[in-house]
Structures are given as C-alpha cells and as structure tokens.
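Listed after this line are the structures, all set down as structure tokens.
Here come two complexes built around subunit A, the first alongside subunit B, the second alongside subunit C.
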Partner chain A sequence: MVAVFSRFYSPEEFPFLIYLTWVTSFVLFVSFVVLSTYLIKLRKALRRKEKERKDCKLSYEPFIIEYLYSSEDPKVLTERQHEIIETLKPKIQSASQRKVIISILYNLMNEVSGEMAESIKLFYYKTGLIEYGVAKLQNKNWYVIAKGIGELTRFNIKEVHQQVEPFVNHERKEVRSEAHMYMVNLFHFEGLTFLDNLDVPLSEWNQIQLLEVLQKIDNQSICDIKPWLNSKNDTVVIFALKLAEIYNQYEVNTTLLGLLNHPNKNIRIAVIDALTHLYGIEAVEKLKANFNNLSVEEQISFFQMLEKLVMPTDEPFVEAHLFHKNFDIQLLALKILKSINIDKYFEFSGLPAHKKSQAMLKLTPTN
Partner chain B sequence: MSKHKIVLAEDNSTLSLLLKFRLEREGYQLFLAEDGNQAIDLIQDEKPDLVLTDVMMPYKSGLEVISHIRNKLEKETPVIVFSSAGQEEMVLKAFSLGANDFMGKPFSPNELVIRVNRLLN
Partner chain C sequence: MDWLTTIIKIFHWLFFAYSFAAIASYIVLSFISAKETIEYLKRNSFVHYKDILSSSMSPSITIIAPAYNESLNIIENVRSLLSNHYVNYNVIIVNDGSSDDSLEKLIEAYDLVLDEHVYNEKIKTQSLRAGIFKSKNPAFEKLLVVDKENGGKADALNMGLNISNSNYVACIDVDCLLLENALQKMIKPFLEDTDGKVIAAGGVIRIANACKIKQGKLIDVNLPKNLLVQAQILEYIRAFLLGRMAWSRLNGLLVISGAFGIFDKETAIAVGGYDTNTVGEDMEIIVRMRRYMEEQNKKYKVSYIPDPLCWTEAPDNYKSFISQRNRWTRGTIETLKKHRKIGFNPNYGSFGMLSYPYWLVFERLAPIIEVVGIIYFVILVILEVVIWKYALAFLLLAYLFSVVFSIIAIYSEELTYHQYKKKGTGYKLILLSILEPFILHPFVLYAAIKGNYDYYFNKTLKWGKIERKGLATDNED
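Coming up: the complex of A and B.
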C-alpha cells in the first residue's frame, strides 16, 4: 500500500508529516487486523477447549460415581470396579483428560468423607494417577511441584513423605507451605518434626494454617515442643510459643524462663505473653528485677502479666510505676492497684466519694 | 406408593450426581438444581417432600431458597443445608430462617441418607 501510495503521490509533493501519518496509519491498521484475527482464533480455541473439558467431565463423572458405588467395602475392588479402572487407565495418559479426572476426584474429596473418601483414594492408586502426582515433584517448575504436593496431600498419600520432606526448605514459599501442610495434614503432630530441620522462616500465614489443621485433629495429645523452643530459627520459636499457649504446655515453663533473655525482642515479648497464659509466677520476680532494662513493649507485656498474676507483695512496685511515662503502663498500674488495694486507688483518684465509682469506670474499665 | 420427591440444590455437579445415585438407590425421586434460581423453580413445580441445599450457590444462595420456601411459599417442607468449614454463621442464619438440619462438608453420603430417612419416614 505504501508503494502504491508513493507511485501516485511522491513524498516530495507532501510534507513529511503527512507521509509519516499515512505510514503509521497503515502499520496500525495491519496490527489491528492481525491482533483481531489472533484474538478471535484464541477465543475460539479457548471455547473449544472448555467445551472439550466439559464433555470429558460429563463422560467421566458417571464412571467415577459408578465406581464409588460398586462395592460395599472400600478396600476390596469388585469386577465392575476393575473394568472401570481399565477403561479409564488409557485416558489418563492424556494430560488434558488426566486433569479433568483429577479435578473431579479433587472436588469429591473436598465434599465427601468416610468410606467414599477411602474409595477415591484407592481409585487414585489403581488408575496410576499417583505416579503422575509423584512425578510432579521432579518437575523443574516450582508451581508444578507445589501443585503436586497439594494433590498428594488432598489424596492422603503418606507413602511419599520422604520425597516431600526435602521441600520444607524450598526456596519458594509456596512450595514450602504446601510441604508443611502435607506433613501436618497427613502426620498430624508427628508431622511437625519438619520444624527440627527448618532453616527458612515460617511465615505468620503458614503458622495460622498449620494451627488450623492441628485444631481439627481428633487426637489432641501434642508431642514435646521443647526442642523447637530452643531452635535457632526464630520463627520456629514463635510458633512453638503459640503451641505452648494453645495446648497449655505447663511443663515448658522452665524453658520459657530461660527464653526471657533471648536476643530477639519479639520472642521475649511472646515468652512473657505465654508465661502469663501458663501462670508462670516465677517469671514475675525475674522481670521485676530487670524491669528498667526491658523495652517499653516488654514492660507493657509484663504489666499485662501482673494484671493476671499480681500478689499483694507487688504493690510497692506497681505504685512506683503509677506515673510511668507510658500511658498504657500507667493505666495497667492503676487497674492492678485497684484490684489489690482499692483504698489506695481512691487516694490516688482524689475525688469526692460520690464520684469515685464513675472515675474508676473511666480510668479502669472492668474486663 | 409414590416415591418421596427430593430437590437437591448443589453447584458441584459431581457431588449432585453422587448424591442422586445414592438417594435414588434408597427409593427417592431426585430433582437436581445447579443454582438457587433453578432450585426455586423446581420447588414450585415439583412440590418436593424434602429440600437439600448448599449454602453458597450461583444467583441465589441456599439461605434465599429457605427464605422463599418458608416466607413466600409458606411451606413446612423439611430442609437440610450443606455448608463448608468457615460458614458457621451462615448455618445459624439458615436455622433462624427455618432449616431443619445441616451437614458440614466434607460429609459422608451414608450419614446424609440416615438424616433424610429420619426426616421423611
């Protein structure tokens, strides 16, 4: 088109700007046509693929449902179940069809439990889907590995734990998280042994997910958490402190007292909170003696501890901090004083008797 | 004797099929709905003896389905609600709207059959 245009209208007759506009318009027009064609083809391809996926799903669903209802005992396969497995085995070799079958099973595993879930697991083994799941662990792409571990977790495949375990320290947090979830979902408290060798940080979100899984387990007898309290990985220590609080691990109080001198401030604060929860009365004197060397956050945590574990002998200490520079500490000191010596509290309030109760409510709200 | 009719409202087609297969084996007649709108249409047309509904569904939720049965149709048809973990508040709302029973996912289809039998027989 540029050549045709140039034949009739030589560039000399037109200013350069008009010529450039024509060329740009032509290039944009061609790009628009090419991109539109590409998008139309892409849309058609995606629709075709989606239709194929839906058709595949519709054709495999009845097979799987029939398989699940063909036996009374989920551990023993009937002749019909063998036939269904043999029918589906060749289909599984195709990646797209395998994906459809996995998604059907995955959906079912999320919705049903009991014998049905056992039957689905057996189907996963017998069709050879497990081999594809395990093969994902050898993939060079991290997202395939993460997906593979997720799949093995969902289908409750315990036998491959030795292959999954090295991923607990993987460089990608997504893979690590899946590996941690695998260990805890399948081996419960015993699965937490991965914390022994954890060299990378355990994210807050990951900790929440692990605790959620652990709380759903029927057998709530927790293992020994002391080794994790002494871990070199600070996030493991924080997680162990959470376990100590949630599972009321009174037997670790002595270890917690030692952690009050931990170099990490966040851990020291978490230790004070844990000791408060576990009634670590021994910590009170230790912290009182070292109070002026503590950070303000630790001092606040300590006063929160005192609020719960205060003794009449602590009164002079509390009184000495009624005018602390930090408002939270002032308020906590007043609340504590109110709980142990209300007359002294009134002296400090310095208000007429008929207004005392209102002043108390304002300053020291009742929990 | 005619079969008891059950409307099952569930957007997971595999689970619907699985439950249909199981409940039909128990002698019930199943009508499947993929979303809340279809469920309401089926309830109005088929006048079922029992409704099984998921809480989270496209277009209209399970709660809206229950509300439609109790407030608009003014029927006492028994309703069993399915809910996933983390939907406890929804379950409470379902009960306050008039649901008769609930099952948390994942659930055992055998247990569902027992609950259905209890409500219908």
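Coming up: the complex of A and C.
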C-alpha cells in the first residue's frame, strides 16, 4: 500500500503530513469496507448461533426429560437411562453443545428437587460433565473459576469442597463470592465456618445472597454466632448481627451489649438495631447514660429503640430531647411522648408556632 | 506579509493539534471502554440477581419521578414504574404544579387519598399544593403521589429526596420505560463496594421510538423509520457504550443521565440536593457530589451500568431536537463555570486534572472551536489561499474517522447486547454511520452554538420541553 502511494508521492507537492493524511484515509476506508462486511457476517453468525442453540436445546431437552422420568430409584440407572447417557456423552465434547446441555440442566434443577435433583446429579457425573466443571477450578482465568464453582454449587457436588474451600479468600470478589455461596448452599449453617478465617471484606451484596440461601433451607437450627460477633473482620461482625436479628438469637444479648463500644460506628448502629429487635432492654439505660457521646446516627437508632422499648420512667429523657437539633430525633421523641403520655403531648401541640420544634410544626400544624 | 503567514501557520497547527488530540482521545477511550465492557460482562455472567430480587434484606430504593403536564401518558407510565421486580422499593410521583388533569387522573386510576405524611424539609423546595397522596388499594401500596407548586424538575426531585425514607433514590423521567430488572442491576455497585463509597450509578439510555411496548413492558425493539431518530440511536450507542463506559473505568464520570440514575441519598442531601438554578441539574449534582467527596477526602466512585435498562422517547423533529441540545449545552456551560475551581486543580486528583479538562476542551469548547475553524476556512477560501488537495485530505480523514468510529460502536453493541436483531438492520446501521455526519452533526453544532448564544445573551430562557407523542403501546392482552 505504501509502495503504491510512494509512486504518487512528491515531497514538493505533498508535505509528509499530507501524505500521511492520505495514507490514513486510505487505511480508514479499507477498514470501513472490511469492518462493514464483517459486521454483516457477524450479525448473520449471531443469528445462526442463536438458532443453533435453540435447535440444540429442542433436540436434547426431550432426552434429558426422558432420562429423568425413566427410573424410580435415582441411584440405579435403567437401560434407557444408560442409552441416553451414551447418546449425549459425545455431544459434551463440543463446548457450545456442552453449554446448552448445562443450561437445560440448570433450568431443570430450578424446577425439581429431592430424587429428581439426585438423578440430575448422577447424569452430571455419568456424562463426564463433572470433569469439565472441576477442571474449571484449575483455570488461570478468574471468571472461569467462578463459573466452575457456580456450576458445582448448582449440581450439589459436595465431593470437591476441599478444592473449592481455598477460594473463599480469593483476591477476586466474584470468585470468593461464588465460593461462599458454594459453602452455604451445600453445607448450610456448617458452611459458614469459612467466616472463621475470612480476612477479606464480605460485601453487602454477598451477605444478602448468603442470607437468602440460609432462609430457604429446611433445618433452621443455627450454629453459635458468638465467635463471629467478636471477629476482627468488621463485615463478619455486621453479618453475624444480621444473623442474630433474623434468627432471634436472644442468647447473644450480653455479647451485643459489649459491642456497643465497638470502634466502628456502623457496627455500633447495627448493634443498637439488633438489640431493638431482640428486646435488649438492658441496653436502654446504658445508652441513655452515654447519649451525648453518641453520633447523631447512633442517637437516631437509639430513639428508634426507645420507640419500641420505652418505659414510663423514660419520659423525662424523651421530653428533654423534644427540641433536639436533629429533626428525626425531635419527631421520634414526640411520637414516643404521645405513646406514653398523651396529655403531655397535647400540651406541646398547643404551644404557639414560634415555640414549637420543626417536628411539632409538621406533626401538629398550628391553625 | 510575514506576520500574516505566521498567524495562519499558528492557526493551522492549533487546529491540527486540537483535531489530533480529539481523535487520539476517542481512540484511547474506545480501548479503555472495550476493556471495561469485557470485564463487566465477565463479572456479571454468573451473578445471582434472583436472590437480591426476592430478599427482604435488600436495601430499599425510592424511585422519584417528577411530572409536569404529563396527563397524556401518566397512568401508563406509573403502571410501568410499579411493575419492577425488585421487592423493596417505592415510587414517589412528584406532580410539579401541573396545569392539566394529571393529578385527577392519578387519583382516579390509583384510588388515592390524602395522607398525613410528615417529612423533614432538608432541602428547601416549593411548598405542597394539594398534599401527599397514598393509595387505598393495597395493590398500589408502593405508590406515593406528591402534589406541589411548580418549581421545575430539580425542585421536584428535591421534594422527592426530602420525602424518601430509603437510603438510595432512583431519579428518573416519568415517561421513561424502566426494565423490570433495572433496580437490582443498578443497586449492585452500591452493595458490592467494600472499599470506599459508591455515591451514584448511571445507566445506559436507549431510544424507544418505534419499539413495541405492552402494558408498560418492552416487547420488541425496532429501528424507527425517522432518520433523525435513527441517527440519535447511533449517537447514543457511541456515547454510552464507548464514551461513558471508558470514563466509568477511569472513575471520571461527570454526568449521569437525568433520565435514569441512582444516588446515595445521604450524599445527595449533604450537598444540598439538585440545583434549581441550572438547566443541567443532572450533570451539576454529580459534579457537586464528587467535589464534596474530594473535599472531604473520602474514597468514592460513580458507577456505570451498560445494560440497556432504561428506554426513552427521543425527539423526532429538528425543532425539539435543537431545543433539547440547546439545553444540554447551557447545562454544561453552567456546571463547568460554577465548578471552575476544580479545573486543572491537582487537589481534586484525576477529577480536576483529567475529567474536568476533558469536558472543558472536548465538550464545552468543541462547538466553538469547530465554528471558528469553519469561519477561518471560509476566510481562506475568500482569500483564495486554500490548497484544495490538502484541505480535502483533512476533510476526508475527519469524515472517515467519524464513520469508522461509528462502525466500531455498532460492533460494541452487536457483541454485547445485540438489541437490533432484525434482518436488514445491519445494512441500515452501516448506511446510518455514513449519513449521520450530515443529518445529525450540523444540527448538534447549530444547537450548541445557539445554546452558547442563549446562555450569554438570552438569560430568561430556561427549559425547552420536548413534545411527547407517547411510546408505541399495545394494550391488548
């Protein structure tokens, strides 16, 4: 190309910059033609691939469903099941077809449970899909490892837990999140032991997913969460506080009282919320005594606690904060006062506008 | 005449340097964008969105949708907002002093009654008009309608910020179509980050003209027949998939589209909410939130989600289009001027030394430099000093670069979300990339220049409202 241009290149007529501009334009034009042609091919290929995937799914799905309904005992394969496995075994050599078969199995796993799920697991073993799944754990790409762990989780492959466990502290959050999900999905509360040695943060996203899995399992007898409440990893403490709340862990109230002095403000707030939920009445006096040293967020949480656990003896304290500088505290104090002494509440409601707090003005507008 | 030659030479080299820098920046941004897109797709190929969807532990989100004289489509639009699959969310429709029957229609359709709702006016706004309404029907328990005096979009959003009880607020245009999984995808970056704080997340905005919509849900994506809308589709693909994706990677996003974005409410309120004195409130609040975090020395991020989650109606005539772009230009000028302290200021890190200068030089000044270039060229033509084969070489280069860049953007779309699947659309998109510099760019330039003129000489001009025709809906079962 450069040689072709050189034939027409004359330094007197075209300075180098102009020459370069023409060459670049030519390159861009060729790029446009090539890219446009390939774009059309790409679009066709994408459509073809989509069609192949659908066709593949349509041809394999009946086999797999037939496999599922061909036996009474999930541990013993019938002759027909053997035939189906032998038919599909060669197909999994192709990555694209393997992907389709896995996606059919994923969908079926969402719809079945018990013996049927065991049957799918056996299919996963007998077709050799498990070898591909386990091999992903050795891959150098983090996303392949994460996908592999996800697959082993979905098919309930407990046997590889020793290979998955080291990933709970993996440098990529996606990989460790999948490893955490594997542990909890397959070993339920016992799987949470990974928290003992977790030295990386457990994101809120991850926490929600773990809690969702735990709430779906049948056996809801929770393990001892005290060690995690005292963990050096703050996110583990937060997670343990959520467990305490969801599973009504009244026996940890004493530990929670100790955590009211935790150096992390977010933990202190979460502790107040947990104590509120667990009727930690002992916390009220302790927090009242220390109220002025608390952050505004903690003070709001404490008033939310009082809203639920208030006693008539708390009235002077509540009254003293009706004109707190924070609107939320004013409002909570007013609502609490209304619940314990309605006459006093009406006294404040009757104040002239200029003597009212912002919350009083909003809650009991002056005519 | 040596001095004239020298001046001309200086001009030549300045224009050349600017063009070269612009082209180089586009190329660099495309590479960064490609890297970030691949990374994003890998990261999200095995995400369990379902768990977040159904979890009562997931954080609550308030959708705030300001509405002004939206009577035509308000019922459908609200229905669409209420059909999101996320479990823990509510919707606040702020009727911003509409003079039509929007409120009456809402009251009737959603069985609304006045509610004694107490809220803290953390941000000063126009006062309530009829009040705050809640539905008697439990099916619409997520809905809250606020009727207030007119104060503009920013003021309406601020009212929503005051009323919301959630930690996160999604600010959207009421006429936008939000996909059912939009909220859980958008909330993910906020919940995932353990190193610093995500203060806002923006999503891709896609154009819904000619798309088939049934009961507030997107059924079929079509390329419209109108060339102007087609050209905007290409422009959006280029901007959202190549531009913003790259800036997200660099944590340098200065704008989240006003059509759809999620904010950390605490930070949004800490900075005083939306600025009611600008027409570019969506850009201004992001710049102010970033500035606040920088000045507080807090680690933060503005995230970006490339999935096509929000679909909106684009202007289908040049009058509305120019009015919209005029407003965008004025918004950019106002924001950059208001926060000029940040520009080239090392105290603001890459925000001050990279994002701000880029916006100033390649967004704010680009139309002015282009027009000066055109005028300069005309003068050279009049003086008969143009060497046409040189000029044509540069024009051709600029044109071909723009076409190839658009083709690359289409590739990015095809390899990621592949939204325009129908046969024949590929040829149309290629043709569009050839035509777009003629059917869209001149009007973008005109609108930008008009925006500059209006900003400096026509101060009374505020919002330019797009005439909505409503998205193509099909309500048959």
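Everything that follows uses one rule, which is that the second predicted complex is superposed on the first by the 295 of 367 C-alpha atoms of A that agree within 3 Å, B and C clash if a C-alpha of one lies under 4 Å from a C-alpha of the other, contacts with A are read in each partner's own complex, and residues count from 1 in each chain.
The rule is simple: a contact is a pair of C-beta atoms (placed from the backbone, for glycine too) under 8 Å apart; a residue touches a chain by one contact, two chains touch by 3 or more.
The model shown is predicted, which means the values in this text are computed figures rather than measured ones.
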| item | value |
| --- | --- |
| Superposed model, subunit A: greater residue contact from subunit B or subunit C | C |
| Touching partner for A:250 - first (subunit B), second (subunit C), both, neither | neither |
| Contacts of A:323 with subunit B and subunit C, given as first, second, both or neither | neither |
| First, second, both or neither for A:108, with subunit B first and subunit C second | first |
| Which of subunit B and subunit C A:143 touches, first, second, both or neither | second |
| Which of subunit B and subunit C A:68 touches, first, second, both or neither | first |
| Subunit B versus subunit C as contact partner of A:117, first or second or both or neither | first |
| Partner subunit A, residues of subunit B touching it in the complex | 12-15, 17-18, 21-22, 25, 105-111 |
| Subunit A residues touching subunit C - in the complex, by the definition given at the top | 14, 17-18, 21-22, 24-25, 28-29, 31-32, 35-36, 39-40, 42-43, 46-47, 143, 146-147, 150, 173-174, 178, 181, 201-209, 211-213, 235, 242, 246, 327-328, 331, 358-359, 362-363 |
| Contact set on subunit A toward subunit B in their complex | 57, 61-62, 64-66, 68-69, 104, 107-117 |
| In the complex, subunit C residues that touch subunit A | 16, 42-43, 45-46, 48, 51-52, 54-55, 57-59, 118-120, 122, 188, 191-195, 389-390, 393-394, 396-397, 400-401, 403-404, 407-408, 410-411, 414-415, 418, 421, 423, 425-427, 429-430 |
